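Heads up, there are several structures right after this.
What follows is a pair of complexes built around chain A, which joins chain B in one and chain C in the other.
Entry: the complex of A and B
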């Protein structure tokens, strides 16, 4: 009975998560699909062929999105990891103010902040540049990195590092043999989150990139508003692929026992 | 193994003084317990010996050489923590061999010494196991092996028995004692349990509020406590106000004769103290130092009876035979053996 219930729930979850993608998949191979037909009346690989051509700019958008997301992830680690450690393991003056400020980009709508940042970036010649887009993506990414990793650091503690020190390990060896292996699963999840947040940015990219930096969401948008559902479906499938891959590879780390998810409790 | 000397060691956290001018000498090969209630500064002291925490002032000497500027990893003072014992990403063998690997010792030599050490802590053949597959007691023993394998100059144990159940605690205590004797490693362990300290340590350093109260062999904490507080920590609250005049103490319940070679308090106001187990409940005719006391309460303890008495306004605890019976409110006669009377300073 209990087993049967588990299966029902499992199947339910699969339906809820897969079902919205399924029509996209069918749309992307359709040529004619009109109401009330249950399936397309004519099939075609045309949308996929179009997506592959340079004029669709899907390839360019994909490459840009990927490059930006990778750079943003790396910088999120560089900035977020030390910050997360400091917040988790040390007490200092103004700590709660820092924690509060970290939450602000999650609470305040990105467009509000980006409008202001736009003015500053114009003066700094950062608009319409790759690095400018990366910088603006860091704003929503860093809080997630810090929140997840501070929970991981707090859970990991310093006892093991201290033990290693007394056993004769210098600071670099402690980092290599004790700290990094210990936080790696959490870091993996946090990095994938920042990757996905950057991957999904639209408004911030449009405002700061000024149409010069074309990312995948920017390619996707005109197809949706232009009612070219078949091509839009093909592009969305490309767009959603990394998210599915990430969820697949990190599902084990997102379990209840994992400390990784603890950081989200503070949101 | 080295001797350890702490000189005026002080650590302040903001306005709080965690350790206050601590002076202590630990001989090479000695097993010393830092004893005291939580927050008394004992773990802080341990961390300062390892170098994980820097003292505000004072000095630490290993073999009469100051090591205050030597970083943790070069001191050879290995600490075993209370929680988070083993590196979770490593096998048991990798855990034990960690210190040797840091010294750059060859792989085969590491394996040989790891096996040898696992044998010593009675976990032979455990090298390939993962840390999380082990029970709490086994993890503790692996942590001990990992510390011992590097032949530490001084071994520091933070509440080594706190997280174990009663049976394991006994086993672990014997293991620590026998290995410490065998290898002759200077060892300091922290505990809040006075029985544990008494059973394991060569000498005990009792600390309250960051201040060393008494540093002595275990026996002295029972028979020769320095202050009322020390006596209280070792479960002796039997006190009686009096005035010493040579070999005699004048008290509210009469004159008591003392052994002047045993006591250290000079003539004048003193507190007479006799441990609960040293008070005689069945005095023979003609015994000296007999006093009258009123029975307040009697509790059967299995191996003995605990009797609460009123001695001239002071509440005393006395241990009697298990089958002893008295009525509450009754007056009984106690005898305080001359050689067992200890004098404490007032206030």
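Entry: the complex of A and C
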């Protein structure tokens, strides 16, 4: 009885997980699909052909989204990794204040900051620019990087590094052969989070990019609101592809390395 | 030698400086500019006088309160339902059984999927001519699209909440799952030998252990929904819409004089969010410690 209930729940999880995604494959190949047909009455590759044309701006949006997310992720690693390590392993004056400062953007709505930055960026000529959009994406990304990585560093400790140092390894060798391999699984997940946060940004990009910097969510939005579901589905699937790829490579860490997700439990 | 200790002392502050610098300049700098403007200091339109007029304007507007209530209701419902479902499903998924890795993978599937894609998927399912309605028709449950309940562009915001549930249940669930796998079965075994039944084992053994994780993640979820823009804009009614949508509408008005009001609105939203989160954390800590 209990076993049967568990299987019902498990199958429910699978169905609910794929229910919003799988039909989009069918929609993206549909030409005519009116109520109450359960499958399209006429099929077509038109949505996909349209998506490939430059006028759909899907290619442009994809390239911009990718470039921004990569730049933001790299910068988040460079800035966030040292901070995460210091917070996890060292005690220093003002530590709790720093912890607090870096967590605030996760729990305080970013709406005021975004509007305020917009005003400043207008004066600095950073609106409508690639760099301006990258900068505003850093606000939610850096705190997540620090949150996840400080948990990873705390879990990893310094024992192995100390041992390597006693054995005569220099700082660079310790970093290259001990620290980096040790934190790599966690870093992979943290980078996935920052990449996806940037990848999914909508209103910040609209405001700071001013319609000049077009990203994928900005291309997708009007197709959904305009009920052009076939094209929306095709763009949606392009939008989701890197995400699924990323999950495929990080899902083992996500489930097995409790220190990675544990960071969220220490907020 | 003194230099060495000085370097040692400065090491940690130097390590956190870049991250703190970026966040302070961008986030708190932006917040400060917003605060100034909400108080009427707005050089671009030659307004330098500090006033509470814009706050009075916002607080005397019934539309503001309708939107505030809608925002709060959506955030609260999404957060509570996500947390409860996440705990329940994590409890099912934590046992190791044949295929448990596959089911855990499927459970995590929605985590990397952007909210907009989730919204598109939900729309295709739940509109009156969507796939669920077609299924209901095929089963003879409804005779026409209009017999299917209105779940999109509705006042209750069902489609909005479904989108958030689909996205946030796995997010909270994965954190709970990580905690559960970390603590192992021994505590429950002890409780069982001491005569605790299933409910008691959950309530007095597991729940206090997973509560900190649930708390942290549900705070993130609440704050996220409370400040969300594109999902309610896409799936919700025009009125009452959520506060972020209302604020951005005012902000993007060609009439620049609307901006201080948009800022005042956003500042109020921010203050309410902070107060709610602090109260929630206090309350939850109190409940757990009992």
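The criterion applied here is as follows: the second predicted complex is superposed on the first by the 251 of 267 C-alpha atoms of A that agree within 3 Å, B and C clash if a C-alpha of one lies under 4 Å from a C-alpha of the other, contacts with A are read in each partner's own complex, and residues count from 1 in each chain.
Note that a residue touches a chain if its C-beta (ideal position, glycine included) is under 8 Å from a C-beta of that chain, and two chains touch if they have at least 3 such contacts.
All figures in this text were calculated on a predicted structure; none of them were measured in a lab.
Engineer: Could you classify chain B and chain C on chain A, in the superposed arrangement, as clash or fit?
Structural biologist: Aligned on chain A, chain C fits beside chain B.
Engineer: Which partner does A:165 reach: the first (chain B), the second (chain C), both, or neither?
Structural biologist: After superposing on A, A:165 lies in contact with chain B but is clear of chain C.
Engineer: Can you report the vertex angle at chain A, computed from the C-alpha centres of the three chains with chain B and chain C as the arms, to the nearest 10 degrees?
Structural biologist: Computed from the C-alpha centres, it is 90 degrees.
Engineer: Taking the superposition as given, does A:221 touch the first partner, chain B, the second, chain C, both, or neither?
Structural biologist: second
Engineer: Who contacts more of chain A, chain B or chain C?
Structural biologist: C
Engineer: Examine A:173 and indicate which partner it touches, taking first as chain B and second as chain C; both and neither are also allowed.
Structural biologist: first
Engineer: Nearest approach of chain B to chain C by C-alpha atoms in the superposition, in Å, rounded to an integer.
Structural biologist: Once the two complexes are overlaid, chain B and chain C approach no closer than 8 Å between C-alpha atoms.
Engineer: So chain A touches chain B in one structure and chain C in the other; where do those two contact lists coincide?
Structural biologist: Comparing the two interfaces on chain A, one with chain B and one with chain C, no residues are shared.
Engineer: So in the complex, which bits of chain C are touching chain A?
Structural biologist: 9, 11-13, 15-16, 18-20, 22-24, 26-35, 37, 44, 89, 92-93, 99, 101, 103-125, 129, 131, 133-135, 137-138, 145, 166, 174-175, 177-179, 181-182, 212-213, 216-217, 219-220, 223, 226-227, 229-230, 233-234, 244, 247-248, 251-252, 259, 262-263, 266-267, 269-270, 273-274, 277
Engineer: For a test of understanding, state which residues of chain A touch chain B in their complex under the given definition.
Structural biologist: Touch residues, chain A against chain B: 157, 159-160, 162-170, 173, 177-178, 181-182.
Engineer: Which stretch or stretches of chain B touch chain A in the complex?
Structural biologist: Per the stated touch rule, the residues are 50-52, 71-81, 83-84, 87-89, 98-99, 102-103, 143, 146-147, 150, 156.
Engineer: In the complex formed with chain C, which residues of chain A make contact?
Structural biologist: 6, 9-10, 13-14, 16-21, 23-24, 27, 34-38, 78-80, 82-83, 85-87, 90-92, 94-95, 98, 101-102, 104-117, 119-120, 135-136, 138-139, 142-143, 146, 192, 196, 199-200, 202-203, 207, 217, 220-221, 224-225, 229, 232-233, 236, 239-240, 243-244, 246-247, 251, 254-255, 257-258, 260-262, 264-267
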